[in-house]
Every structure is written in structure tokens, then in C-alpha cells.
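Order of writing sets the chain letters: A, B, C, D and E. Residues in each chain are counted from 1.
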Amino acid sequence: MLDAAKSQAPLVQVRGLKMYFPIYTGLMRRHTGDVKAVDGVSFDIMPGETLGLVGESGCGKSTVGRALLRLYEITDGSVVINGTDVASLGPEDLRKARPQMQMVFQDPQASLNPRMTLADIIGEPLNEHTDWNADRKLARIYELMDAVGLNRRFANRFPHEFSGGQRQRIGIARALALNPRFIVCDEPIAALDVSIQAQVVNLLEDLQEKLGLTYLFISHDLSMVRHIADRVAVMYLGRIAELSPRDALYARPLHPYAEALLSAVPEPDPSRAQTRNRIVLQGDVPSPANPPKGCNFCTRCPKVMDLCRSVKPDLVEVEPGRMVACHLYSSDSMTAGSTGATEAKERSQQGESL
Amino acid sequence: MLTYTIRRLLLAIPTLLFISLIIFLLVDFAPGSPMSQIPLTIPTEVRLKMIEALGANEPVYVRYLLWLKQFFWVEPLVMLDGIFGTNWSEGMQRIVSWQSRSPVMDIIWQRLPQTLTVVGSAYVVGVLIALPIGIYSAYRQYSWFDQVGTFFAMIGFSVPTFFTGVVLILVFSVNLGWFPSIYDTSLRVRDWDTFLLQVKQMAMPVAVLALYNAAQISRYMRSSMLENLGQDYVRTARAKGMPERVVVLKHVLRNSLIPVVTVIALGIPSIFGGAIITEQVFKVNGLGALLINAIQGSDLPMVQTLTFIFAVLIVLFNLIADILYGLLDPRIRYD
Amino acid sequence: MADGAAPVLDVRGLKTVFRTRGGEVHAVNSVSFHLNPGELLGVVGESGSGKSVTMMSLIGLLPSPPADVRAGSVMLGGRDLLKISAEELREVRGAKVGFVFQDPMTSLNPVFTVGDQIMEPLIRHMGMTKTQAKQRAAELLALVGIPDAAARLKSYPHQFSGGMRQRVMIAIALACDPDVLIADEPTTALDVTIQAQILELVKELRTKLGMAIVWITHDLGVIAGIADRVMVMYGGQVVEQAPVKELFSNPQHPYTRALLKTIPSLTGAREDRLQVIEGQPPILIGAPSACPFRARCVHAFARCEAENPERRAIDGRAVGQGHDVACHWSAGGGDV
Amino acid sequence: MTDTSVIEKPRNQWADVWAQFKTHKGAVIGLAVFIGLVFFVSLGPFIWTKDPTYINPNAAEMIKTRNKPPSWEFPLGTDQLGRDMLARMMKGGQVSIAVGMVAMSISILLGTLVGVMAGYFKRLDGPLMRLTDLFLALPLLPLLLVMVMLFRDPLARAMGPEGGTFLLIVFAIGVTSWMQAARIVRGEVLALKEREFVLAARSIGTPPRRMILRHILPNVVSPIMVSATLGIASAIITESALSFLGLGFPPDFPTWGRLLFDGVDYIQQYPERVMWPGIAISLTVLSVNYIGDGLRDALDPRIRGR
Amino acid sequence: ERGSDGNVKILYSQAVSIMNAYLSGGTKDIEVGSLVLEPLAGYDSKGEIFPRLAAEIPTLANGGVSADQTSITWKLQPGILWADGTPFTSADVVFSYEYCTHPEGGCAQGAKYEGIASVEALDDLTVKVTFTGPKPNPYTAFVGATSPIIQKAQFEACIGAAAPTCTEANFAPIGTGPFRVTDFKVNDTVELEANPNYRHADKPKFATVSVKGGGDAAGAARAVMETGEFDYAWNTQINPELQAQMNAGGKGKFVSGFGTLVERIEMNMTDPSPSLPEGERSTTKHPHPILSDIRVRKALSMAIDRGLLVEVGYGEAGRVTCNLVPAPEAWASDNTDCVNQDMEGAKALLDEAGWTVGANGIREKDGVPLKLLYQTSVNPVRQDFQALVKSWWNELGVDVELKAVDAGVFFGGDPGSPDTFQKFYADVEMYANNFDGTDPEAYLSNYLCDKAPRPETQWQGENVNRFCDPAYDELVRTFAASTDPTERQGIAKKLNDMLTKDSYTIVPLVHRGRLSAHSNSLGGVDLNVWDTELWNVEDWHRVQ
């Protein structure tokens, strides 16, 4: 599956995606500002690839995911999925386009309607997009339940009768119902127990292999992202700080924020944990309604420079396949070319097939 | 908060104008005539003359515009005159009741005290009874106290006040002779004795109305308490070693009161609406009696003015409830 | 740590059941552990294994009904917390034992200021006046690393970020200089960077204040970083207990082993598939008569079905002091 | 996880609901009482065949049967015109229960509709809530008078005087009592809209109509249930107030509310006259309330599972 | 001695809205107003006229009434003072006339001053009223509580369109009566005190009067008869059982008196069918398909047992009557044909009229069922009557549909409403009516053909059953021209019979009395049905 990706065009192409939530204040409810949840994000996802998206809470990860599926009306930019610009489709065309892109949600409890049975939930997309008869639908529902490893006997149970992991399987089955090509997984494991997280991640990987799916995998569990993603985008306050192939990133993060983020992950090995050199960031993330003038990270960056406080760095390729938005690397950015990017991608993909 | 308030107030103006128009048309359109209470011995021609003298023959839009002017311009001026002793409103025509030929506003002012004392204190008493009952019912959910409370609340809903009122009169006025069955509106509280008299004559109507109010509010209180008792912060408070009294009456209550207070605020306009049946049973002659009298007598200016004031109060207290919510709950911010 | 010193907290044979419509849920089943002065005991286990219920049983925080603390003793400062009156117990809560809960978003009362909430236990337990309490509250806030503490006392919880709220919770728990601090998954709801801040804070406070801490988590990484000793719980029971390094290097119970394998590493070699523990956690209805892990255990054999294993020391020291495990298989019953 | 051999028959949801409902003692008693009442008023007249409006045309006879205390001939006594109270209670119950149920349904329907629309469609929120304000402020009596004036005759022509009046009354009560329900439902919907499963449905492309029907409505049943219970009581009482004002059923047509109202005049001499309808109304309201409680729990799969 | 008996408390179940009888016409307003304002003469409890402010009653005999009956000259009692101490003069009398007859004043008592050419003050104590023609009954203007004398000084600025704006004067008029207003609360209470300038030095006995209004008749009766909170309750019309029970309480007494009020059923002579186009419904264009036949009307009347109605509805406060004019005795016909119920006769009559009993016991003729809509206003007694009458008519084979309309709408006369008694969109309707004073001329003139309400008159008019008989019209004209009392009485009886026993367009049921209650400690009550009930309040006193 990976070899095929080489020559193909990206399945998902995001350019300058901006998602502002307007703030209205004053007597006349005038539009006085925006929550800049996503502020100019661009990336590609190749068919069959998994792009990890990590970052702190509130940095805009979910918003990116939702905007991609046009669950929000985006402020600016384009989202081309499989050749169609999702951002500008009319309601009916959008409805028709929905089957190819689906979503798995963070909270398996909240994302399932408590008053619908499992069969209803998984069957709902079929009701929306097919005119199959009940038998055929039921057959498909059983098929999906088999695929995600749910016992067929559960078809008439309600979500609350399942464990967290099973609920997440239901959510995945629902997303798979219409044979999508692209799935946004919005923290699908965050609410699950460690022992169950692994089950779900394995399931997602198996399905990707079997069905040739493409994932945008949103998470703040960096070790899990390392496991599943091919490339990883690190977001901070509505912008991408670094977008690198997985191994390169974990071996040597370039952006100071990526570095801090990685170092903050607790190490499940007492001998190493005690000796590890942690970068503890001070303070909180600034409000996306009022981001800093320069680099978004300048308020907490241990390596902050004067330039950072006044000029926003662009996301540029500093090494083959590695893009960073940081002034520390701005001098190098001139030399990096577009060919380097494709090279890097090849490398990373080869790296994955280890 | 301030801009929010002002904004809502400004928005209320077109709403109220629209409501006033609807009320005006509706009341006007309803059948009935101001002459219905006059004995049949008075001949038709005289009746027609009387109607003419009332100005009831004018086309409806003329009366509406006149009424608007009177309500929003003349009456406020009169009120200012009353306060500052000026005479800006001199010679202006006020809204006049067809029944008594006196300015509607004067009558309303006259009625307000007894309505506020009786219906108002019934509301207060109702709330005061309801809160502890609701709190305790929730704290001991499914206990016998809770069950009995539920039972009585339901009875409170389902038994009409014309029934409870008469029963109280029979028991406490006729048989025991404890309380008067008729409310004396001209009683002035001057000393201890008159105060006692006042309390006595208020006892029964207040009890009837309070029962009804308490039944309703205690339900709200109970469910709100139940919701909050399950919250995490309650556990935190207990973990701090706070006594149950503090946990329930400070931490939980304060949170539970937020929605209840707004419910209570939303109920306040109904005080000004008076209690039609109870007022009639005990002859309190408050605003409720005024309204029902005016409706029965087709005293349109009175009905229109009263209902419009009522509408203003409803819109106002909706706003107050929202603002209260914002004030009581630090999480809510209006801007 | 100091093995000889008397433990500050000594729990023996704790049993807690919930009476539900479906039957009695044995959420905590004969749990014994102790806590030495200045020690940090990590408690791990998957969701529903009884970690929170155990800790809340100690100081009577469980609502009763449905909860019922059946048996056992909880010795703290020479008294058995299960025997004393409700009023006495309230004197212990907050004063001798501080509690930090998992969800900082909902654990603080939204309508009172942070200052009020910190001052409450100070006034109640330490008998401080309002002004004294206020001053102390500001100190506490500063202690947990909130800048401009005096001014922030007037803030409401919603004006704080999650990490700051958890600091406030810690400040409340620390307010009366408790002997024992119980932290129930204090960082689970937080971001990694914030979690790192909190962990640093706790390490620092430990050295500064020297109290004993129970730290509940299901993140083994966190445990590895800060704990002295670890207790693994499963199905309402303690299945393994050992000093932290010992546990990671020489896990005995199949559950512990599986648990250690499920987490992908940040640094190690990347595996193709993650290890999983198949199956579901046990339903704890009815008194346990078999090993709770048997259904998911790859090593299960007949005895596991017949008999609930006792905790047993494996390094020669007394149970609870060194490394002990509750398993028939690792005792050599199975594959030897 | 993989044994697919035994496939459970699709369970009948209503069987589950019933099973849960049965565990609620109050609800079961309430249901029994309510069914008893319904049988009493609907089947009773077939057993007790006295005409509730029958007055003995023979004056001498009639005088003798006035104001009778309960006896074998008149189990609940007679009224001041010698009409059989038992028959009147049954006939009155038919109307009162029907009015209560239908008027409540209308008000709940309207309230839910407005509440859902206002909560779900942001643009409609303002106008609909102002409409609610308007209805809260509308004076009930003139409104009723206008409605009666406009619609009574056409309706009576179309459906007969009683059918027409019934429709008018239930509609009038319904139309003037939906506001509370609307407010509550709106609040619930606003909260539900933020839940992830609504988002999930949107990502599937579920159109608003089905979104509301399938995802929103089933999740607001419990507040609706509560206002429904209260609605029945107030509808029954309001009906009596309407007949008192001459806006209700023909005057010889008994309803519980009306019997109660008429009985109040005789409360001193014949207290049982008010007790019968009073007890009947309270029983209805209480039983419906407990049924509502039980149903609310039974309809919630989360509670049902426990 | 004046004021020696302290306070007396009076309860009116309808509250007082104004003290000026000229602006209201409501009985309660007129009666309470009569505590303050007085006419020149009034009627006593026997219906006989007696002087109040006048020195004597002008008659033909004493020359006060001119021989041609075109004028009457009132001599005022000298020395009478208004409550404010100013003298009462003929100017006030003239002013009262001007006040009420001002075209823009909307005076409710305009009828009292009808047919008057002028009112002039001959001197300070003499007033001459000149009529436009001979007036057999000259005692209308200034006689009875409905046309009291108001003080010119107080009301001068309140004439015409300004009348309603004088709130102060309307609520607390200065009068010559035994009391004066100290506090007035609209539709609630009136507080009064003894008038220091009242012409009888030793009256009134009570120092103060409190008049409370509102509530219902049963509550009012209870307050006097059972709790003893009030001394006098007006119009305590309650069911006979309750009357009996309250009487047994021993705290007070009911007093009753019979005026001219008759509860009756009116037969619609025109077709009220809703299938007729609006504007033709219930008009003389279409005679009533069923009730046009006198035999049907008569049968319906015969089927009614009036004795039972009285017993059920009124007890002591009602009498069986077959007359529209039941009193005064001299004017009342001796018609008693309806007193006994005659069900069989009624049935026979219907058979004779061709209405044969059909399948379900309902009579029909030419396939048309005998079905009637029977409407009245909302009132418990009326609803009982409806039920009873319905049961008799059912027995007769008549299908009856009942309807009760809110009194405000029923009597409101709103041309837009289908439910007014004048529009009469029903087959039969029941209500009560009476006439003022003792002379029924105006009352009987109501049934002239052209007084039928119809679209052209905006559905106004008193001839609600659309009775139309040229002979009746003719006789009414004779009546108006006649001045001889005995002849007039004869004509009145004839007219009464034409409406009742000769045509059965009006089916009288009950001659209704006034029923009021007073406590045992209140003395001097003498119920007057011809004038205000409070006519002799100055003589009321406390009995120990």
C-alpha cells in the first residue's frame, strides 16, 4: 500500500486553513474580534498515510479536524479531499461527499446517542446515504461489527451497556459504514484505559491495512502518535509549529515547543526517568482570541529572541521533509527546496516499512 | 454586563410595542361591552350615548395611538408631577377607566398595596416554605419525608384555590372563628392590635396561595439540589472536613439556588397579576380582582393597561432573571 | 525508605461493597497497605480496579448507601478511622489527610472564590481568623506556584486554567499540613506540559514539606518518575506491590507484566503491533472466590478458578515491606 | 468476541421499557389507579346505565330524589336536581380525562416544537422566545372570548356542539400553556446541541429534520414528561374555570372540574359533593405524576440498564 | 342621637365603582351613592312616593301637577344644607337636569329626563318641570335614587364631556344625604361618616359606614349570617338549602321583598338558523320554523313546573308567576293559567300541532326534528333551571341543547358578538328583567314591532323576541295617551296578557324577590324594592 502512495497526488490537501470564531460585543453586537482557533494551516496527507496531529489542549487540533470535514464553515483557505474542494461545496453536494470522509470522536460516551441501539447507531449512515432494505442493512451492520470486533449479539444493546473500548469500536464502525477513504480520528483513545487504548490503536491499524484508509490522527499522547503516525504535525495555538516525519521528529525535535513537548512525556522506566532532563515550560497557553504579536510560542519559549516577539515565523522546510516555523532556523530556510520535501517523504515511508 | 443589560432593554422596546399592539387588538376584538353591567331598565338610546361619551366608538387605530401616547407620555409625566410637584401633565388626557371614570393608573396604584401584601407575602411565604422542603427532600431522596413532600406538592397542584379557600373559610372563620373571611383593605396598621388584625386577615389567603406556590417551587428546588449533590465539588468539600451543614447549606445550596432564583424571579410578575380566584374568595380586591372585574365589565382601557403592564413586567423579569443568573453564577459572562 | 519507622497510615483488610440492584459490588476486597513517613506510594491499575474507592473508603467519603465499608482497619495517628465517629472523622479529613481529585474542572465549587475555598479548612481545622486564613491562603497559592497569589485569591475557579486549578486543589489539600496527601489521578485530565509542571511541583513540595503521599494513576510513566513504591490493583485487590525499580525491572504478576507491555515507548524500538490485554475487566458482583484476572490471564490454570490467591512476599521480607504478589502462577504453581 | 453463532433476536425495546417500568413501585400503582379511573369513566357507564343528566320530570318524584346521601340506589348520592352523582362522575371523568390528556398533548407538542426550533436554529431563537414572551403576557380571558366568538359556531356546525366545544377548549388550553415547556425544552436542546453525538450525526450528513427527530427529541423526553404531568392537572382545573365563565361545555354537561365548582356551593350541607370530584382529580394527577416518573426512568436506557 | 351607634358594615357582592348615579347606572353604584346624594322624592318599601328634599309631593290635588299634566312644580324643603354647609337651592336641581341631559355627558339616567321641555327655578325653593306633552306619570325626574340632586358648585366644571374627568367629585360627591364620603377606593371600599349638616339632627344613628364590595353572594351571606363580620349584605341570592342552613345559624336574618323582576323564557319568533346568511339570521325576514306556531309555544310553557323551579332556585325569594308585570298589585294581571304543570295537555297540543313522536322519542314534523337551542347567562340557578326545563321538554319529546354565555357578553350588546341576548341566535333564552318605579308604560312599550333588534339598529332594541302584533302597537299608543290611572292599569294588564297567555312569546317563570341579609344587631332594616335598599339608612341603628 505504501509503494502506491509514492506516485500519487495527496488525498487531502489543506491550504491556508483558517477557522475564526467571531466575538461580538457591545450594544450593537458588532464583530469586534475572533477566536483564532486555527490560523493558517497547510498540509498534505497522502493516500494510505497517517498524519499525527499533536499539541496542547486548546491549540486547535479538533478544530482542524472538524473544519476538514466541513463541520464548521471555515473562515479562509481550501480543503481539497480526493479532488473536490470540500470547503466550497453546496449543501447537497456536501451531503454526497460525506461518505468519503468520516470522523471518530474523542469521547466514546458522548459521541453515541444514549437512546439508540448499537444497530441504530451503526446503521444511521446507511439510512442517510443508501436506500437498502432492512435485511441488507442488517447484513452490512453485522459485517461492520465483525470488522471492528464486536459480537453480533450486541446489536440491540445501548451504548451505556458497553465498556469504553467497545464504545469506541462502535464509533469506528459507524465511521466505516460508508467505506470512507479518509478518517479524522479526534483523540480516539484519550478517554480510554491504557490496556484498552492498545486494542483500539491496533484495530485502527488493521483497518488501515485492510481498507487502505487515510488517517488524520489527533492526539496528545505522543508515544501513541509515535506508534501510529507516519508524519507528525505539532500544533501550537492555531498554527503548525513543526511538521516532520515521525522518526526524525522523535529523534531530534527542531522547534523548541516540540522539544519541550517531547521532554514532558513521562518515561515509564524508573531508571531512565530519574535521569531524564525535562524541559518544564512555564505558564499557560495564551488565549487564541488574543495571540502574541510575534511567534505564538514566544511567551513560553526557552530560546526566545527579540525577533520572535515581533515577527511571526512561516512554516518552511528546513531539512528535507521537515518543516518548522521558527526563527532559529530561518537562515536555513532559503536553501531548502521543494524536491527535498518529496525526498524526505520517500524516506519516511520507507522508514515505516521496517 | 452593563452593555448586555442595555442591549436587552433596547431590544425589549420593539418587542413590547408589538405585544402592546397584539394585546390592544385582542382585547378590543373580544366580545362584550362596557354597558353589560348596567341594568336592562336603561334604554338602548341611553346606552348608545354612554358608549359614545366613553369614546368607544372611535376607530381602533385612533384609540391605539391615543393609548400609546397616554401610556408612554402622559402617565410618566403624571408620575413625575406626583414626585416633584410640577404640573407638566396638566390638561392632558389620561387613560380613564370606563367603569369608574377615574384614571386607570390611580386605581392600579391604589390596588398595589393589598396585592403586594397578600399575593406578595404569599409568594415569599411559599418560597420560604418551599426551599427547606426542597432541600431536605433532595438531601434525603426517597425518604418518607421526600415521598410525603412529593405527595403534598402534587395535591397542591391539583386542588384548585376556589376549593381550598372555601374550606379554610368554613373551618377557620365559620367554625372556629379565628380569622375573618373578608379582607378589610381599609385597615391601617398603626399599633400592635391593628397589626394582629392585619396578620389575621392575611392568614388564610396567604396560606391558600402559599400552598400553591410552595408546591411548585419546592419541586424545582429539589431537582436542582439533586443535580448538585452529585457534583464533584461536594466531594471536595467533604474531603476538606467540612461539616454536612456547611457542605449542603453553603456549597450545594449556593449552586442549586442559581436556577431556582431565576425561576422565582420569573414568577414575580404573576404577583402583580394578582390571584384572581383567591382574591375573589377572600374579597381582597387586589389587581387580580381589578382585572377580572374589568374584563367582565369590558372596561377596555383598564384591561389593556393592566395586561400591558403585566407584559412589561414579564419582559422585565425575564431580563432580570437572565441578569441574576449572570450575577449569581460567576461562570456566566454577558458582554 | 526508612523501613523501621512506624507507618503514618496503615490499612488492613479493607473491604468495601456497593449495594446495587444487580447485587453487591465488591469494589475493594481485603486491601492492605501502609504508608511510611515521607514516602510516595504509587497506585496503578486500570479503570474500575478500585483505586479511588479504596482511598475514599479510608476517610468515609463514599456515599452510604450504596457504599458500605465492611471490614478492616485504617490506622492513622493511633486511631482507627473506621471506628471513630463521623464528627471525629471530619476533624481528620482536610487536617490530617489531604485529598486531590482527578478532575480539576469540576472539583472546585464554581461559585466561590478560590480564596474562600482554600480558607475554609484553615478556619475550620486550624482555628484561624479570616485575616490569618487569608494570609496563609496566599502563601499556599504562592507555594504551589501561582504568581501574584494574593490577588488571585479573589478569582473564581473558571478564571483559572486546568493546571492552575489542580494547583489550587493541591493548595487546599496541603492547607492544614496533613500527614498524608492522597492524590487521585491528579494529572490525568491535564496536558503533558502541564502534567510535567505539576509533577515538578509535587517533587519540590515533597522535599520541602516531607509528607507521605499516595499517588493514584494509570500512567506507569508518571509512577516511574516520582514513586518510591508501587502498588498494582486489579479487580478490587492488590495484586502486586514492590519498590518502583523492582517492579519495573522484575514484574511478577501477569497483569503487571501485560500492563508494562501495552504502553508504547517514546524512545525504545517501535513495535509493529501493540501488546493488548484481551478481554474485559471483571464484574465485581458477589464475593470473589477466584483470581479476578483469570479470565484475561494467559497463564491461568485450574487453581486460579478455584481459589483467590493470597498476597505473598517473594523477596523474603514481610508482605507489604518488600516485593509481594498475589498470584498462583508466579508462585510457581503453573508453568514450573 | 468472535463467536457469531448465537445471534440474539432483536430485543423488543418496549419489553425492556416495561420491565424497567415494573420495578418502579409508585409508577405501577399509579398506572393501576389510572387504568382503574379510565375503566371507571369509560366502561362504567355501560354497567351503571343511569343517565347523568336525567332529572325526573315528575316534580313530586324529583323533589324526593334531591340531595340524597349515598345509598344503594345512588351510590354517590344525588345533586340538587336529583341527578345521579355516580353517573355524573363517570360522564364528567370522560370529559375531564380527555380534556386533560388532549390539552396537555397539544401544549407539549407546541412547547416542544417551539423549544426545539428555538434551541436548534439559532436564527429562530430570538423571534421564538419573544413569541413566548408574548404568549406569557397575553390576557387569557379576552383571548378565549375571541376564540370562542370566532370558532365556536363553525366548529359546532362541523362537529356537533360537544365535539366543537371540546376541540375549542383543548385547543384554547393547549395554546395558552405551552410556554413553560418551550422554555425548558429550549434549554435542554441548547445543551444537547453541543454534545458530540450530534456532531457525529452531522458528519454523516444527517439533515436537520432527522437530527431533531432522532437525536434531539428522544433526549428531551424527561423534562417534557415533567411538564406533561403538571399540564394534565392544570388543564383539568382550567376547564372548570372555563365552564364557570360560560366558555366551556354546555351547562348540563358534567366535568369533574365543573362538579367540583358546583359542589363548592353545597360544601357545608353535602361535603361529599365536592369530595368525589376533588378526589378524582387529585387521584388522576397523582397517578399521572407517578406514571410520568416511572416512564421517565423506563424510557432512559441508561437507567434501564442498571 | 346622631352617631351614637358607631360603625355599620355593609357588604355589596358587586363592588362600587363610582358614587355618581348619573355616570354609572349600576344598581350597586346607585344604592351606595344614595347614602350621600338624594332626590327630591323617593319610594318607600310599599312603593309609595314620599318627599325627601321636597317639602311635599306635588299632585293634581294639591296643584303641584298642572291639570293638563304637562308640568310639575316641586317645592323644596327650606333650610337644607349640603354636607359642606352651603345651602341647597333650586339652582342645584336645575343643574342636575342640565348635567344629565348634556348631549356629551353620557348620562346613564337620561331616560329619567325624557319628555321634559324645560326645568326652571322659579325661586330658590321652587322648581318647575315642564313636559313636552301630558305626562300621566310625572314622577320621573328627581324621583328615586336614580336621579339624585348633585351640587352645582361641585359639578359646575364637570358638565358634558368633562363629566368623567372629575374623579374627585364622582367619588366623593357633596350631598344632602345622611352620610358623606371620607374614603373611596374604586371597586373596593367606601368609607363614610355621618353628615354633620344632615337635616334631621338626631340622625343618622351610625357615626360611620363602611361599604365593602366584591366576592360572591354566598360569601356575602356567610359574612353576615355565619361569621357575623358584616351587618348587612346586599343581594344574597343563594340556593334555598344554604339559606335554610344559614338561617339556623342565628346570627342574622334574610329579608326579602318583591319588586317587578321576572325571570322568563323568551321565544324567538324569528329563525336563528346558522344556515341563513349573516344579517338575515334572527330577523323578521324569516319566521321561526317551529316556534311560530303558538301551540308549540304554549305546550312548552305548559310543560314547566314553576313551583319546582321556585323551590329549587329561590325558596323564599321567589314566587310562581305567569305575568310579565307581576307588581304592583294594581298593575298586575290575574293571569294564573300557567301555575300548574300540564304535561299531558302539552303533549296533546304538540300532537295537535302535527309534531309526532319519532323514533328516539323526539318529536318531528315533515322530517324536521323538534330541537331547540336554549341559552342563558352563566349563573348557577339559571343552569339548574335550564337542566330542569330541559328534562320537562325532553319528556315532551323536544330535543334541547343548552348553552350558557358569560353575562358580560350576553348582556353586553356588542354587535360583533353572536352571543348577546339581543341577537338571539338561539330558539329560546332565559333572563330576568324589571322596570323602574311603579309604572310599566316604558317597559311594555319595549315589545313594539320596531323595537326588534336587527342589523340596521346594530342589533340594539328591547323587543328581543321580535314579537310583532299591530294590535299590541295600537294598544301601547292608547296607553301612552291615557291619563286615567284605572284605565291605564287595565291597558297594562291587557298588554301583559297579550305577551304572555295570549301568545306565549314570553313565558314568565318566577317572580323574583330581592334577598338581602342583616345581622340581628342591626335594627331598622326595611327592604325596599322600589327604590334603593338603603333608602332608610338614617334610621338604621344598633339593637342590643
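Following the convention adopted for this analysis, a residue touches a chain if its C-beta (ideal position, glycine included) is under 8 Å from a C-beta of that chain, and two chains touch if they have at least 3 such contacts.
Chains and their UniProt names: A = ATP-binding cassette domain-containing protein; B, D = ABC transporter permease; C = ABC transporter ATP-binding protein.
Since the model is a prediction, treat every value here as computed from it, not as a measurement.
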> What chains touch chain A and also chain E?
Replying inline: B, D
>> Going by the touch criterion at the top, tell me which pair is linked by more C-beta contacts: B-E or A-C.
In response: B-E
>> Could you work out how far the Cα centre of chain A sits from that of chain C, in whole Å?
In response: 33
> In angstrom, rounded to a whole number, how far apart do the mean CA points of chain A and chain D (ABC transporter permease) lie?
Replying inline: 51
> So, what's the distance in Å between the C-alpha centres of chain D (ABC transporter permease) and chain B (ABC transporter permease)?
Replying inline: 26
>> Please tell me the distance, in whole Å, between the geometric centres of chain D (ABC transporter permease) and chain E computed from their C-alpha atoms.
In response: 44
> When you check chain D (ABC transporter permease) against every other chain, which residues touch at least two of them?
Replying inline: 145, 149, 268
> Touching two or more other chains, which residues of chain E qualify?
Replying inline: 406-407, 409-410, 416-419
>> For a test of understanding, state which residues of chain D (ABC transporter permease) touch chain E in their complex under the given definition.
In response: 53-57, 59, 62-63, 66-67, 80-81, 83, 145, 148-149, 153, 157, 161, 244-247, 250-253, 262, 265-266, 268-269
> Which residues, counting only chain E, touch chain D (ABC transporter permease) once they are in their complex?
Replying inline: 218, 238-239, 241-242, 245, 274, 305, 307-308, 311-312, 341, 343, 377-378, 380, 383-384, 386-388, 390-392, 394-395, 401-407, 409-410, 416-419
> Contact residues on chain E for chain B (ABC transporter permease) in the complex?
Replying inline: 11, 14-15, 17-18, 23-27, 103-111, 161, 163-165, 167, 170-171, 183, 185-189, 191, 210, 212-216, 219, 222-223, 226-227, 229-230, 406-414, 416-420, 431, 433-436, 442-443, 457, 460-462
>> So in the complex, the part of chain A that touches chain B (ABC transporter permease) is made up of which residues?
In response: 25-27, 29
>> Give the list of chain C residues in touch with chain A in this complex.
In response: 46-47, 161-164, 191-197, 199-200, 218-225, 244-245, 248-249, 258-260, 262-267, 270-271, 273-278, 280-281
